[in-house]
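Reading through the structure tokens given below for one structure.
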Amino acid sequence: MSNVSSPPTVSAQSNPQATAEGAPVPTRASLRKEASVGARIVFDKVSKKYSGQAESAVNEFSLVIEPGEFIVFVGPSGCGKTTTMKMVNRIIEPTSGIITIDGTDIRDLDENKLRRKIGYVIQQIGLFPHMTIAENIAIVPKLLGWSKERIADRVVELLELVELDPTEYAKRYPKELSGGQQQRVGVARALAADPPVMLMDEPFGATDPITREKLQDEFLALQSRIKKTIIFVTHDFEEAIKLGDKIVILGPRTNIEQFDTPAHILAAPANDYVAEFIGSGLNLKHLALLEVADTELGPVGAAAKDAASVGIDATLRDALDAVISGDGLPILVLDENEQPTASISIEDIAKRLGAEIEAMETEEGVK
Amino acid sequence: MSNVSSPPTVSAQSNPQATAEGAPVPTRASLRKEASVGARIVFDKVSKKYSGQAESAVNEFSLVIEPGEFIVFVGPSGCGKTTTMKMVNRIIEPTSGIITIDGTDIRDLDENKLRRKIGYVIQQIGLFPHMTIAENIAIVPKLLGWSKERIADRVVELLELVELDPTEYAKRYPKELSGGQQQRVGVARALAADPPVMLMDEPFGATDPITREKLQDEFLALQSRIKKTIIFVTHDFEEAIKLGDKIVILGPRTNIEQFDTPAHILAAPANDYVAEFIGSGLNLKHLALLEVADTELGPVGAAAKDAASVGIDATLRDALDAVISGDGLPILVLDENEQPTASISIEDIAKRLGAEIEAMETEEGVK
Amino acid sequence: MKKEVAAAAVAAASHKRPSRFRGNKLQWELPAISIAMLAALSIFHISRGTPDSIETVVLNWNYVGEALWSHLWLSVSAAVIAAAIAIPVGVFLTRANSKWAMTGALTVANIGQATPVIGVLVILALILGIGPGTAIIALVAFSFLPVLRNTLVGLQGVDPTLIQAARGMGMRKSQILFAIELPLAAQKIISGFRTALVFSIGAATLATFINAGGLGEAIVIGLKLNRISILLTGAVLVSALVLILDWLVGILEVAMTPRGLD
Amino acid sequence: MVKRWDDVLEMALGHTGVVLVSLAAAAIIAITLGLLSWNKSFFASSSLALAGIFLTIPALALLAFMIPIFGLGWVPTVVALSVYSLLPILRNTIVGLRSVPKQLMEAARGMGMSKSQVLFQIQMPLAWPLILSGLRVSAQLIVGVATIAAYVAGPGFGTYIFRGLASLGSVNALNFAIIGTVGVVILALAIDGLFALVAKMGLFRSNHV
Amino acid sequence: AETNTGTGELAGLTGVVGSKEFTEQLVLGNIATIALNNAGADVSYQDLAGSTNARAALMGDEIIGYYEYTGTAWLVYLENDAPITGADAQYAAVSEADLATNDVVWLEGGQFNNTYAFAMNSEKAAELGVKTLSDVAALPAADQSYCIEAEFSARPDGWPGLASTYGLDTNNVSNLDTGAIYQITADGGTCNFGEVFITDGRVAALDLTILTDDKEFFPVYQGAFTLKSSTLAAYPAIATVLDPISVALTDSVLQMLNAQVDIDGEDPEDVARMWLQDNGLIS
């Protein structure tokens, strides 16, 4: 398990509810525009009503996404996540409201140029049945006129990235792949031309935990190198915590229930709905964001010699897991060289969590 | 949150490796056949090689599933789960090997009669685009010649079961539903005629956590009333733990890495592969199977008056969550009337887990 | 209570649906063109003044009405019979999975399509005698292939996951066919039928050569006796017939297309 | 009859040639028209109407009208055959392009493919089996219709067939009609076989759905 | 052997001689072609299906000329309502009008009249004892069944006029393709009386009996070679070559020549050449 905390570059959004209420407000994040290659995406009271439906699926949705931010949408099925995404690359036109990318109304942009800059992983996967896997992945690079060798290299690279052996799968047709394999090809296809913006609609839903974790780690590594602006839909809250710089928790009709960093949300769920959405084990989930290294630890002697141990770079969640595997007493903390360097107890863990939550709450209060 | 433990009716399978090695062995479970409406499904060295592929996708797969068992398949994407399921209802014919249901080779059964007794939730959802939601759900009942009223009632009942408002959705067409809504209709459709056997291929993959949990609970309730034989594929290990009487952890080419109850697997993962598959927080996951009520608790006085509290019917995972939300010290346990009745400490939790694991290990040893 | 809910669902859902004929689904241009053509024809006739003795034989309501009716009757029944045979044959061929059956049936259909209609008509007339029955046989042979081919392609193009889903539900082959495959292939099959209908209306102009009636007689007289007014009358009426029948089938197609597919 | 075998060979070659040339012309016109009009309801149904009307014009009338413009021989024959064979190709092109699954269109558009790229790279290949079906129907149709070349001194078996039909009852009439007809049938099957072969060779790879 | 030496009266004349697609036309077309080439021309022969096309080909200068019938031109191309009685009068009227309106010249008319007639199965004729159309009119309605062409049913010199002139019963009339009428009439059953052309070889071949047009209703369909006046102006010798041949072509000659093709199965070109040679019309 990789150790994730909110990436340091992510600035806390000034009161997110303000944006949720519609008026896009300038944020600190806009100051670091030059550092990122992603784009700034602003939704301004965007609504979409499907013809024949009584209510709008997306209702006055407002949100500011800073360049290079990894935003995760979570929300009940049918709340309008897919619809919202499709409006960003103009697969669907909003009934009302405006979406801008880097300040330009997307309606003023050339549709196709816009879309080529936006990688899109569609929920239904949507591989082209008449093309091999390699051909499916090569589509956008071809559109952009890449050379044959460059495309071939890229296809191999991407297939490896999504854990599919190129020699085995490049020449197959989609119907010859399992569901999860197809989904990964969909992700590879969207990444192909390295677009600055990605829309990912439940991209890892059908992949097994091991592969999924590898993909998540790859994505985070990628994201730390080239900061794309990513909108990512998932139903797995732990995935949201792990990946998102910020999480948007949506209610029915894309009502924004909470828009904040994972840590803030875990520390202070905005309302019961959000708490329910996070599910049981709120605190345990929160521990996954905190590291042993950042915790005030006890002396080595506090733990029994034969006590369980945990690495210093592990998360507190792993530490707690180790604590209960013994008898609940303090355990050893090992340094990089696997040498005992300190001990950690249930109280240490609880205190660190308490401090974290308090810090978040004060921060909230200040704003 | 429902509290789940291994259903009492599930007998521990005599050495599962034995079945995995091919020879179906008689088990105690067969003695309670009369109590269940499900069917006994036996795979005997079943293999499937897709034409044009170098290796078989399913390789000498042997497994005995007792009537009324809820079996969960987990395994890497592409390992052959879908292929294995499709061989049960003869969508795909095995290249070699035999599958029997209640002792009869499925090749000797009438295909269509067989299939009508097997509810099948297909991974790609596969709703019929030209039929409304209600029509999609009504297909099998119609095939079975149910009366119009009975079908209408059933459709309404099932839509409510899968959390879709019948007045809103019954007359819609699949394309007018979100991904998760479509998936739920797929589940409702498979359940329609209340088949004794269900094959469910990642049925809740695209549903949000709240709905998912409701669906899981509905399923468990259903299952406790009418014991179907269910084969269920998921990539969510917590879902597997919650739902499965037994879990089959598969490696590439459907190699059975471990086949056992969730508790056993969590207590003693058969190998590193299984451990990796379970993912981090093995012990924490295990706690979700244990209840506060079954734990040796401390006196009420051991906890501070203003300490956090947990219900007596909660899981130990919830108790632990509450413990760390305070300062790591013992917390109160409340009885049904919300009155403090005992206290629980980290040591109590750790001890209970330790005892559980030991018990499992001895049981393993006995066999 | 449940029933009320179900009933309410039906009622609630059905009234807010927009008409399936919204947009240009009605294709009004087709009848519009044919009306325009007929109007132009009428103006042409009125402006020409008194017809000569040859023209009077043809250009009267009695004659035209009868010819129009027999043309309509001949061509529509031929197209319908062709479809009624070709669709089941297509269905059978996609099931039989036999190269021989496939090749055999397509060979027969190809021959039917390729043999000049006039030749088939005359030779059949010598064998079977003259009249509408013989004409219909020839027309059926002529309009068979488009329906057959489109039926094959349509059925083969149905998403296999849907067929798997249907099989998984224990639907019998025939049930899958009627409830899933045919509805999903319908658009392509109907497209073949529309082509067949046009083929059959066009070829029915030749029915006159074996005393089977139709507008062909007007066309032949107009051509052979160099009477443009008669020729135009026949040709315009045939064209109008094509447009209007094609339009009607189009309407039928839209009406029959399940809403989930449009 | 033997001395007429040279005639027959020449007719066969001429017939094949005129059919293939006309079919190629029709395919280019009809597919282009289909690509331009598939999503424009008015344009699509008007061009279908026109193609349908062509099919109802008796060959004799069409050719009598064309002789003053194109003279005798190949040209009027090719023009006539081409307009006759538009409908099946055009209709199937339009229907085929329209029936591509929605989620594939969305995926394609979402990748920033221009309309024409979606059309050529996604819709066309997926519609191809249906378009091919139209082409094959048209091919068969005009193998038969090509007999009208006889009206305008064009190539092919038509001369024999019409001569035979006009003189039914005389000794050689049936021979003429039969040689012509059998020639047409053999040719028709050969041309369809050619299609099958080309399809097999993968030049017209059908989709792997 | 052809005398394509490039010498002779018609040296330099190239192009195509046409004809319609039925036997008599094939013979006539070949006769004209062989004769012209014999006189030094270098023309080829091409048959066309249908009168309209042959005429269109002439008007479009696609062919040099072909044998046409006076009645056809008068009623069809010149769009007259009623024929003119008498072969010479009809010929004079047609050649004058066609030259004036279309620049088409009619060379010397042949001595044959390929007009319409009604024919019937000879056995049946004997059985019913009919010889003339007046006899036919006297038959009970049940025996009066007719097969005619579509165009015949509309033209004033066709069915309407004929039926009223003789008082024929019009209740049992079938429209058929020209080619099919002979065979179907010979087969009997569908119709007792079929509309035929007098000089057609099949009349003899199928043993049909022609009923005499005792009221002389049918107009004259005299054959003559037609061509553009400009062609004739450039090659006036065409007339000198073809006129004597046309004069030699009588009803009985054509019936014989048609029969050689239709009954004996000979090639029209051979038939044409033999006749020209036998009669010393070519060298």
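For clarity, chains are labelled A, B, C, D and E in written order, and residue numbers in each chain start from 1.
What we mean here is this: a contact is a pair of C-beta atoms (placed from the backbone, for glycine too) under 8 Å apart; a residue touches a chain by one contact, two chains touch by 3 or more.
According to UniProt, the chain labels map to these proteins: A, B = ABC-type quaternary amine transporter; C, D = Osmoprotectant transport system permease protein.
All figures in this text were calculated on a predicted structure; none of them were measured in a lab.
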item: Touching both chain D and chain E (chains); value: C
item: Chain pair, B-C or C-E, that carries the greater number of C-beta contacts; value: B-C
item: Distance-maximising chain from chain B - centres being C-alpha averages; value: E
item: Inter-chain centre distance, chain C versus chain E - centres from mean C-alpha coordinates, in Å; value: 41
item: Inter-centroid spacing, chain E versus chain B (mean Cα positions, whole Å); value: 92
item: Inter-chain centre distance, chain A versus chain C - centres from mean C-alpha coordinates, in Å; value: 56
item: Inter-centroid spacing, chain D versus chain B (mean Cα positions, whole Å); value: 59
item: Touching two or more other chains - residues of chain C; value: 17, 118, 122, 126, 160, 216, 220, 223
item: Shared interface positions of chain D, touching two or more other chains; value: 60, 64, 158, 165, 168, 209
item: Where chain E touches two or more other chains, by residue; value: 50, 52, 177, 179-180, 183
item: Contact footprint of chain A on chain B as seen in their complex; value: 1, 50, 52-53, 74-79, 81-83, 123-124, 176-181, 183-184, 201-202, 205-213, 235-237, 276-277, 279-284, 287, 315, 317-318, 320-329, 345-351, 353-354
item: In the complex with chain C, residue positions of chain B that touch it; value: 86, 89, 91, 111-118, 120, 122, 124, 126-132, 134, 139-140, 143, 149, 152-153, 155-157, 166-168, 170-175, 189-190, 199
item: Residue ranges of chain D touching chain C (in the complex, touch as defined); value: 41-42, 45-46, 48-49, 52-53, 55-58, 60-61, 64, 87-88, 91-92, 95-96, 98-99, 101, 129-130, 132-134, 136-137, 140-141, 143-145, 147, 158, 161, 165, 168, 177, 180-181, 184-185, 187-189, 192, 209
item: Residues of chain D touching chain A in the complex; value: 103-104, 106-114, 117, 121-122, 125-126, 205, 207-209
item: Residues of chain C that touch chain B when the two form their complex; value: 2-3, 5-10, 12-14, 17, 161-162, 164-172, 175, 179-180, 183-184, 258-261
